[in-house]
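The next block holds one structure in the form of structure tokens; read it before the comments.
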């Protein structure tokens, strides 16, 4: 458009920028841990996947550009399953959990660290030298412990040393974390990415913990799409789990949200990652999207102080 | 609006934010010197004045929130005239320039430093402890020299020591500068604010120098409102002055723009300060407003690299 | 005088320098808040005023040259009254306090920030780029609250944020503070300068708080010039106020001294600003001048440790 | 052994430590880029591989413990071939170079970043939180360009931005680099690891560039195991390549050594990685192992100054 | 030896370096105070003395090269006695302690600061600009008090200000301390070097305190050379002193060891300085030499964590 | 004197302090190398010596208190001669220079480092933990070379590494340097202190180099006490040496002054150390004492800028 001409939509544009101002100021320097859903976003096809990744990368870079400190965490269940199938490796489940033998672990590690992580790093670095991929083994970021011997190399988070993340954040970089951990002997474990995201948010004393999912938010009634909760508190989450209203892959997210909000994280969010730029809309506009979990009663959208 | 509900206009909001992203990234850490027009903006009445100031303050705070380093410069001719009138002091002009005797200088200094500057500082500090008012006498920021003895205490910029500005910027503060300078003996002088803005932009090696005025931009033909230039180069400005197309109060602005762009400032702008949030629209959207001066040929809106 | 010749007075000069040595060492790095009397020093005529200011500036610069960190605070009652008179504005008093309507406040602010403050900054900066003028509105230095609605914009100190002072001091600069404050909505207030000096001294954990006045010191008997107290303690000050021995403009000074010494300031002084270089003599010689208030019993001149 | 008893071998132990002293002092703070051979070391079986890796990890940690700054670079040809075989992917060669289509690239990236790199990081981190795995895509470490369109995603090093390596080294960490690079559009490429090692050594202005191989050193006559060169100069290497005496996988190593030594790297080494702790023996003892390339004539073992 | 040839003893050399690795890592950044025995090492003749000093200097430089922070403390009784004899000054003893008059003090100070200290500094600085000689008078390192007026200028440690040592250590320098102290009036005193070593170790919160002596270690039975204790605890030392098993010059060492280990020093050692490189063998090999005192029960050689 | 009373001499005291102000400001941060005359000051008796030292120490501490960075250099010829006499060692001269065999060197080193240096450090440290004694051997401060083999261990300055001095100065400490140097093999040499003072001043790019002597200044005619030069230039010094007007111990001073002023030192001074506080009078008052050497023509007392 020619400079100096009348600018249609100028007032509206200015209004959006002005609306964003208080959020930008509030979240300057705030650490935000974002779990990017390995099995949800754009899973329908390669093109959709790449487009969703590019849109997500834009959001993350914008957050950092206005002074926020995003940390990306990801899993990659479907992609692991796909490579296992190609290698003719039969998945084995026990009580709904995948049994992870040495070969499965190696496949999972290759896919998470060598493929999903790389694709996210590349999508972000189109915008500049910003992202650095990490696995939990790097600089002992995530110390793992076996969850249950019969499950093989399925791990729990035993401890988190966030030093490497803090240093990369201090240098203006965006860490992208694949959720492999290691025990003191150097043995690797595959860990649930939702759980890791919560643990990192706590260790970093993050301001926000955000789950990007393929649902509109947390439902009070799992069968009723109209029962999405706008805001709730940790005890509400406990009840949803106890009553079975939160189910399947939603359980570790819900548990991590409740734990994180009880351990210093100010706000946890379950967002609909299918809405383009859901992250931006949640963070920078008055109307949030999805479900927000916070320990504080009766607080609107993002209406409290960060300190 | 309730969280989790459908968000009308969400896509449009996201689009504006995404449009702003490359500009935010490009201008992170960039010094922008903004001349706030003492005699133009909202001069018609106190209410309008305060509203214009508040809107301007919002823009400046938003710029800083996304990492830019704004420096505000202002004059205050009409307000000086008003106090002189109340004190029964007759203005005296020589060749179109106000003769400034000791008493006039004292009045000008009181108005600029003690009123106009204070009002701008207050409008910004509603948003936080951000602005610090300065006059050119502070820490020898502006060393002045008499322009012409017969004009009394009308000064030119003899030298600029930007150290105090650099320190305040480094601390995240927004300097607001009243354009009084002092000579080595401590004698104060009143200096044209347009000229000072250009000199500070050069001394700070600013990325942008912006004049907020009460016109739509620089006209190729002063009589034709439709001849506003979208973009031009320093030699175009020379010609406009030589041909008399730039006149009156526009002359020091035009000269300062040409000089600044030739001495390291990347872009100079003459904007229509009457457009709400003109500053934001210029800086953060694809369609600039007003006239942009740059030494580089054929560059669109804000389309070049800062380094 | 020719080099190498016999130097008359050499021994005496050396003796003064050697006498100053322990004070220089004791007060290195010490913050000293000095209230420069707006209505006392050299008020008799313009020449006297400028000379007193120049002498005061020399003292302040010398203090800083030997490592002390002076902060200057000033009021300006007489100068405000003078401009009000010229503008035909009738002063109105209630219970001895000036009622400050919006116009009076604007006049006060112009005079304090735009004239008295400027004159002090200029006098100091003759010696180098040292002084920076501030008002309490800058970077939220002084948060004000209305004292009493019927008095208009007469304020009390609600809070002090000394950050901007600490930063300027750390950069080797000398802050000169005009005692205008602002409330959270940006409304300005005029505040008693004696009170502000004490509040800044406390917020800065100053070593010394010094009032330069036009009397020889604090008198035990207000009618008896021979009853000047050399040294006293906070409880003595309480009694002087209660008994009415401290009166008029002396009351806020006396109260601020008592409060400051009880809140971390080591020594408060009421000096005779009419003695040339009173500040130097107090700080750097064995014989102090005026009245010293300290919480510690029986300590001579400046004879204690700073820590 | 009981404390205080006679210590057999004490004198010998002390002698080794004393022998190491001058090398420790000389190489304090020196960057050493080590190419760990993907296809050579311990390739005979999994057990041997893990043991060789553990021994190598010990050497690298010891180097860092005495103040050196090691950077590990690795390839992984055999492991890539193995996964391709398992996936039924037929390798295709053109002029002796593997044609790398999108699928091959994805496999190579998974293996290098998600397996070989991880195994090295884990082996080092048994000793503490020291290693951080990187690929050339992280923070734009290695910018790649296609070598030849007919070869697909086989890349050359277009540029190196060593910032992320320098930061990790400054934090006491050991970077382990997988040799995937990316072009500005984010497309990944597989790059020869020998070439990358040389490019990183130059960009880091490394003191040493070391290739751990499965031969005793560089031979003057490729058929004569007794013709291993103890030391040579870049022009010797040029001749060996020109005459065909350096062949196959040795060519990129030899070329990288010659280029590096001509561009600021002080010493390049081709060592026999099959000798346990070859790295330690080369660096810390008077008798080096393998072939040393240096631009300086007639210098013994490691007998020159680092600056 | 020619490069690239078979390396005899290579495996043994590598083994020693690998054995040293965990100690190097454990003691990185650890302060080690070493008392170099003035009357024991190489006392038999000038040649032996210089050789012992050179070997000791090598050990100290090696410790520093691997990141330890050694501080050397020394006395010089025999050398003082020798100069006194040459000056015809008759030593006088009271209860076994040398009476130190002003002249004796001056002689002691000259010998300790001007000769023994210098010789050690020179021996170390052959390896680089590393050592800086200090006496306890420098920057008030050791404040002394008279032990007993009848003994003259024999002092006790009244206080230690380790600032100067910490600064030199932070700059990578090796302080060498002569044990002269001063009282507040500037009067110098001669202080027992064993006692000073312990006091400095405590003030520096040293990891190790090492006494190099001319015996094999501390004996349970002073008459039985076979009764050397490998390891003991502070209460064992108390008993040895109480029972008279520790005698003569061993008493201040034993007392200082017990006191230091009870006040934050992790390990104290009494080593046989006649064994070449005893310091290296103790610090960097699995088999310690001499007696180790530690508060922790049943810990082998150097087998505990530093933190 | 009672506080608050009339202060006799107040105006005179203030005048001295005000006179000192510009010098304090000019010399803030300036390095001043002062050669304290070992054979001149107070040599007549122990009492006088100690008093002169105490007065000198006061001057040095005052200089530092006002921000100057003094470095003290000293010799000690008479004291060396005295100990040699007591030890029955016959001095041997060749061409007027003392032949220094190993024993003489050891005596000189003991006296300079262990006695004269200590006495100066103690005198200064009565005022606080300020002085640190150094010899040129410490941290390789002064690298020496033999002047002439037949003279034994009489050295020249081969090189100066001022790092240790700069670090101590940066920490607010006052280095006191004994003029022993060492060659690369660690052999010590005795070096003329006047020469060392000049070399250190050059290496430190000192503002002033000051010689405290026992004469009133440099004489144009050595026989005429009235011919003391107030100021001169390096070429004047050359002529005085060439003509033999500068003789004996004055020659190295005169040569060092000329060399220093030609190599970056702004001013060199030859002062009469017998005048109490000569150093203070020279530095802080309008009337200098003794002779000033400077490269600049016609500059009064200390009347130029430091940069």
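Observations on the model:
Residue numbering begins at 1 within each chain, and the chains themselves are lettered A, B, C, D, E and F in the order written.
We adopt the following convention: contacts are C-beta pairs under 8 Å (C-beta built on N, C-alpha and C of every residue); 3 or more make two chains touch, one makes a residue touch a chain.
In UniProt terms, the chains line up like this: A, B, C, D, E, F = Acetylglutamate kinase.
Just so you know, these numbers come straight off a predicted model, no measurement behind them.
The chains in contact with chain A (Acetylglutamate kinase) as well as with chain E (Acetylglutamate kinase) are D.
Identification of common neighbours of chain A (Acetylglutamate kinase) and chain D (Acetylglutamate kinase) yields an empty set.
By residue number, over half of the contacts seen at E-F repeat in one listed pair from C-F, A-B or A-D, namely A-D. At the far end from chain C (Acetylglutamate kinase), in terms of centres built from Cα atoms, lies D. Annotation: 43 Å between the Cα-based centres of chain D (Acetylglutamate kinase) and chain E (Acetylglutamate kinase).
Centre-to-centre spacing of chain D (Acetylglutamate kinase) and chain F (Acetylglutamate kinase) amounts to 57 Å, using the average Cα coordinate of each chain. Chain C (Acetylglutamate kinase) and chain D (Acetylglutamate kinase) have centres, each the mean of its CA atoms, that are 69 Å apart. Shared interface positions of chain A (Acetylglutamate kinase), defined as residues touching 2 or more other chains, are 128.
If each chain is drawn as a node and touching chains are joined, the picture is one closed loop, every chain linked to exactly two others.
Taken in ring order from chain D (Acetylglutamate kinase), whose neighbour in the chosen direction is chain E (Acetylglutamate kinase), the chains follow as D, E, F, C, B, A. Only residues 83, 86-87, 106, 109-115, 117-118, 121-123, 125-126, 128-135, 137-140, 161, 163-164, 167, 171, 173, 180, 182, 184-186, 188 of chain A (Acetylglutamate kinase) touch chain D (Acetylglutamate kinase) when the two sit together in their complex. Note for the complex: chain D (Acetylglutamate kinase) touches chain E (Acetylglutamate kinase) at residues 1-5, 7, 10-14, 16-21, 24-25, 28, 58, 61-62, 65-67, 127-128, 216-217, 228-231, 275-277, 280-281, 284-292, 301.
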